[in-house]
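Presented below are the structures under discussion, each in the form of structure tokens.
Both of the next two complexes hold subunit A, though its partner changes from subunit B to subunit C.
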Partner chain A sequence: MTHSVRILLKSPKFLIGAIATLLMLALVVIYPLVNKSDPFEMKALAFQPPGSGLPLGSDNFGRDLFLELVYGIRTSVAVGLIAGLCATAIGLIIGLASGYVGGWIDNVLTAVTNMFIVIPSFIILILVSVSVNSRSSLVVALIIGLTSWPWTARAVRAQTVSLRNRDHVNLAKISGHSTPRIIAFEILPYIASYVVMAFILQVASGILAEASISMLGLGPYNTISLGIMMNWALVFEAPVSGAWWAFIPAAFAIAVITFSLYMMNTGMDEIFNPKIRS
Partner chain B sequence: MKNADVLLSGTNITKVFGYGKHKKTAVQDVSFSFHEGEIVSIVGESGSGKTTLAKMLMGLLKETSGEVRYRGKPRQLKSHADRKKYWKDIQAIFQDPFSSFNVFHKVEKLLTDCMKLQGLKLTKEEQFRKMKEACSFVNLKFEELHNKYPFELSGGQMQRLMIARIFMLHPKILIADEPTSMIDACSRSTILDMLLKLRKENNMTIIFITHDVGLAYYVSDTLYIMEKGRIVESGPAEDVILNPKHRYTQQLISDVPKIHEEWNLAN
Partner chain C sequence: MKMKAATAVLVGLLMTFSLLAACSNSQESLSQTNAQTDNPSTGSGTANPSGIGAAAGDTGQGALADNAKETPRNETLYINGLQWGAPTNFNLLSGNPAFPINYGNSRELIYETLFMINMIDGKLEPLLGSSYTWTDDKTLKIELNKYAKWSDGQPFTSDDVVYTYKLGQKYEINWTSYWDYIQDVVADGPHAVTITLKPDNPNKLTVTESIELIPMLPKHIWEEIEKKAGNDLAAIRKEFNADPVGTGPYKIYFYNDQKITLIRDDNYWGQSLFGKLPAPKYITHVIYKDNAAGDLAFKNGQVDVSQQFTPQVWKMWESGAPVKTYLKDAPYYLPGSMPSIFFNLSKKGLDNADVRKAIAMAIDYKKISQLAMSGYSADMKPSLTLDTPAESKFVDQDAIRPLQWTTDVKAANELLDSIGAKKGKDGIRVLNGQRLGPYDIECPYGWSDWNAALEIVAQSAKAIGIEIRTKFPEAPVWNNDLQTGKFDIIMNTPAGSVTPANPWSRARTIMYSKGVAPIGEMAFWNWGRYKNDRADEIIDQIPTATDEEAKALYTELTKIWLQDVPSIPLMYRPWVFYTVNESVWKGFPVDGDGSNIPPQIAMDGAGIKALYKITN
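Entry: the complex of A and B
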């Protein structure tokens, strides 16, 4: 374990991604402690350009855009994390169950997984978001998580099927270990690095999915997320007013977060994949 | 040997994989009886179903039809407790030592797990003494090994550790699925000698699965020759090798490369 972490820290791609993510998270955690004002408070006239008091200018309601951005990143990352956790957990459970148990359970679960893969998840996301009445950021995160697990499930299943017939699993069986123990100690450690990679990818796509539905106006209520900021900028015609500061920083923040997460994922992929393949 | 008790026997065992168009019969109508203290070899080429048969004997695969009897009674493998009881008596060594170890666990865990399977409650010193004894049986130094990970060992050392595991468990039946095919010739004879020594000490039945007729002849009392999922010939090793009746057995024996003769690949 410590060995893997040490190799990871030698990968420049992983390092760049991890440092960018950590810096972003540090900003998001520390800044609200320094600047304690309410992000919804109106401080200036509408669409003031960036200046001394307002580092990123003001939006259509005259609110501090930098403070909004900080709170927006916070919500978006939280939504992405919850969605990623949810999707990875469901994918892992379904993949392990169908891969390890096999038989008709495998057939049923694979059929369900394939159905979810075939239906574009974004359509389900929009339909569910429209039909749900109260959308808190948690509900949105869960909806995203519930629609994005199939690829993880499929990959975990494939890995589990190939591991199930290895001799060390057979040896554990004839040593009298129980099935949950075999899954936990003989299968999971072998796919752990893959699962972590899948989780990071799920977080990134969760953040993107939240931004997409929020831009369509189907995002969470009573909160600020990066997608909602973009949505406000669109609705209140910031591009027409030439107020680039209302949407460019938000878009840039989305790009930086997802990019750094993808970098981490690629860095891990380069290191762990040969190990998984062997 | 014939008068000894029949320990494990099977009648008309068949294993079919898949269904419909993809149906594949791996083992067909195989019957056998293994006696106590006997070394039995199951010989056949790759894909002849010998490993599938071995897995069924271990209780890792369920036979499609037929019946396996252990000590004269149909064996019970329904519940986990039943299986655990069965595996106390029947153990195995696998073909590939490199994939038989969990790379995340230290070597020591393999041996402590044995004591757990036996349900022994021992103090730390007793455990240590038992593991040391098992390791010295296979000419390994426990002090040097216990803190290592499997990938730090050589193939021969790994396979010897597997034998140490069997030594600790002292099962009634050992199924050795090509235990020497992945290691060099030098370690091969050591491993075989250790297996024979195990039999001598515990009166263990060894079911030796191999593709090497010469090796099978060297170690075993009884031979079973498998071709395409069927047993085509069986009997005392001497009879089968010196007086083969079936065409396939004759071919297997003539295919053994001989050092002093020119090896003719044409036939």
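Entry: the complex of A and C
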């Protein structure tokens, strides 16, 4: 374990990603403690350019965009984490069950997984979002999580199937260990690195999915997220007014978060995948 | 795995660039704007991104250039904002005909009305009808213009008027409701018509409205259509009516899903009335995907008259574009309606008039005007009437002034304190065991000025310890919630057009309880189910009252409204937006030019006189 961490820290890709993510999180945690204003407070005129007092200008409601951005990143990351957790957990459970248990359970679960892969998840996301009456950020996160697990499930299943007949698993079986115990102690450690990487990817795509769905106007109500900020900018025609500050920072923040998460993921991939490790 | 990662990063960058690109003013940026709302859909990774993106690209400007029927730019007047989807049909009776047949706007282009409403002074100007007189309280006599002709050469006569009115009696169509007040319409020779009112419900106001709103249909054409359809409205509605015969100065020339073009009828009868033909040989309504696309095209001079909400319109002329609004300075547009919020009076907490009044006093109307309407709304003076010379004369302003609220958060808090609504731990007040909130406040998604107004209301309410949450569903959901009463607070415009029937019609929409279905069933006015017997009585009396009596009644009604607060007007909104770009056509009417031509999109009611004034 410490060995892995040491190798990880030597990977510049992972370091860049991790540092960028941590910096961003630090900003999101610390800034609201310094500036205690309500991010919903409409204090300026619409679309004021960046200047003194308003580091990133104001949006169409005259809100402080920098403060909004901080809260927006917070919501987006929270939504991404919840969606990622949810998706990874479902994917892991389904993948392990179908991969290890096999038989008709495998057939059924694989069929379900394939169905979810074939139906474009974004369409499901839109349809569910339209029909759900109360959209809080938690509901949106769960919807995203419930629609984005299939790839994880499939990959976990594939790995589990290849692990199932290894000697140490057979030994455990002969020793009379229970199935959950075998999965937890003989299978899971071998795919843990993959699961962590998948989780990071799920978080990143969760953030992107939230941004996309919010930008279409189907995001959570009564909160601020990066997608919602971009949606307001679109609805109020910020590009026509030349108010680039209303959407570029939000788009940039999305790009930086997902980019740093992907960098972490790639860095880890290079470490844990001996074929790529140089 | 890596591929997926790379795609997603790419998509993130693409989103940034597509938004950036929308900043530039080039022709290409239009299709970029169109595509950008679809772009983020590629972010979900597992979805097929290219399919969605490509479809969006097709709706851009590129396809427009391939159209066969291009018209010379300097002979064509381009407009936007009246038609948002592909044209459905040109059949007035169908329920949702396309521009320029749509009921109640752009109404003098093909099918003309008897009289033209002028929103500046509220007067009716002659068109197909040359004069009208009330010979007594129940009889309206209309003289018709002898020279009026249909575009197929047939003369326009009193038979056509009688026929058109009676279509409303025969079928359930737009002007059926006037027959609640009309007893009969009879021809009085070929060039005169007499309308008699029902003795038990002689509403002069709405009947006067009908002569500027009902578009005249040719009897000789529609009788045939009726016959073919076997007098069945459902079958009549299926008639496409691709080449409508009207009395107006234009005819349909070309249409597809991107534009509708009209061509001038050079034999137009109205030359005798207006002295000449309208200046543009063609009028083209371009169908844009959304507001932003239409605004960009307008700014670039591809559209001459815009009936769209354009945020911060002054930026256009500040950046040098030859753009004008009717008024040179704020509020730029003439007020025509009052989008308001309605309270569901059966909800605990909101059933208390003091709570509603406190909300009214907490709302920052200035901020709504500034942020939601780009300053297009003048100072709010709450009343049942608009703050215009044409309407404010109906109410004794001095008598209602002590009751009118203004933004005063301190007084609102004191009012709530005085009725014993104490703040709980979370800062939200509790009144008689009922927490004041969360209340949902609702309007359709994408109606940007309304969305912003409601955000501001929610913010304002927070300051007095009432929790209001915004909710922006799709328009059909909102409409259903509105009518069936499934809301806490909801936004809508009561009686939004300028007609001789206002402010009566607005007061009725807000306060009249007779004929309103209970919550759960459809109601078409008084959505909050307000009930006050005295108010009902007054609303019944006004239409038959003399001017003097009416003023006293309106004043009393306004006082009741100010005390009970069943609705709160949030802003004054123009009836129609009228922003013109003079890079091709010049001389559009503006305030103070002495022409008395109203800013009615240059083609609705008396606004059509603008077409005779403009030059290349």
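As a working rule, the second predicted complex is superposed on the first by the 274 of 278 C-alpha atoms of A that agree within 3 Å, B and C clash if a C-alpha of one lies under 4 Å from a C-alpha of the other, contacts with A are read in each partner's own complex, and residues count from 1 in each chain.
Here is the rule we use: a residue touches a chain if its C-beta (ideal position, glycine included) is under 8 Å from a C-beta of that chain, and two chains touch if they have at least 3 such contacts.
The structure displayed is predicted, hence computed values, not measured ones.
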- prompt: Would subunit B and subunit C fit next to each other on subunit A once aligned, or clash?
  reply: fit
Message: I'd like to know which partner A:M230 touches here: subunit B for first, subunit C for second, both or neither.
response: second
Query: Looking at subunit A, which partner touches more of its residues: subunit C or subunit B?
result: C
Message: On the A-aligned overlay, A:P189 touches which partner chain: subunit B = first, subunit C = second, or both, or neither?
response: first
Task: Name the contact category of A:N170: first (subunit B only), second (subunit C only), both, or neither.
output: first
Statement: Apex subunit A angle, CA centroids, subunit B to subunit C, rounded to a multiple of 10 degrees, is 150
- request: Check the residue A:Y100 against both partner chains and state whether it touches subunit B (first), subunit C (second), both, or neither.
  value: neither
Contacts of A:I123 with subunit B and subunit C, given as first, second, both or neither: second
Query: Is A:S178 contacted by the first partner subunit B, the second partner subunit C, both or neither?
result: first
Contacts of A:S212 with subunit B and subunit C, given as first, second, both or neither: second
Field: Minimum Cα separation, subunit C to subunit B, after superposition on A (Å)
entry: 26
- request: Go through subunit A and flag every residue that touches subunit B in one model and subunit C in the other.
  value: none
- request: State the interface residues of subunit A toward subunit B in the complex, per the touch definition above.
  value: 166-168, 170-178, 185-186, 189-190
Message: Per the contact definition, I'd like the list of subunit B residues that touch subunit A in the complex.
response: 55, 58-60, 80, 83-84, 87-88, 90-92, 94-96, 99-102, 104-105, 113-114, 116-117
- line: Per the touch rule, the subunit C residues reaching subunit A in their complex are 1-2, 4-5, 8-9, 11-13, 15-16, 19-20, 22-23, 33, 36-37, 40-48, 291-292, 295-296, 299, 311-312, 315, 367, 370-371, 374, 445-446, 448, 451-452, 455-456, 458-459, 469-472, 474
Query: Hey, which residues of subunit A end up touching subunit C in the complex?
result: 40-42, 45-47, 60-62, 117, 120-123, 125, 130, 148, 150-151, 197, 201, 204-205, 208-209, 211-212, 215-217, 221-222, 227, 230, 233-237, 239-242, 244, 247-248, 251-252, 254-255, 258-259, 262, 265-266, 269
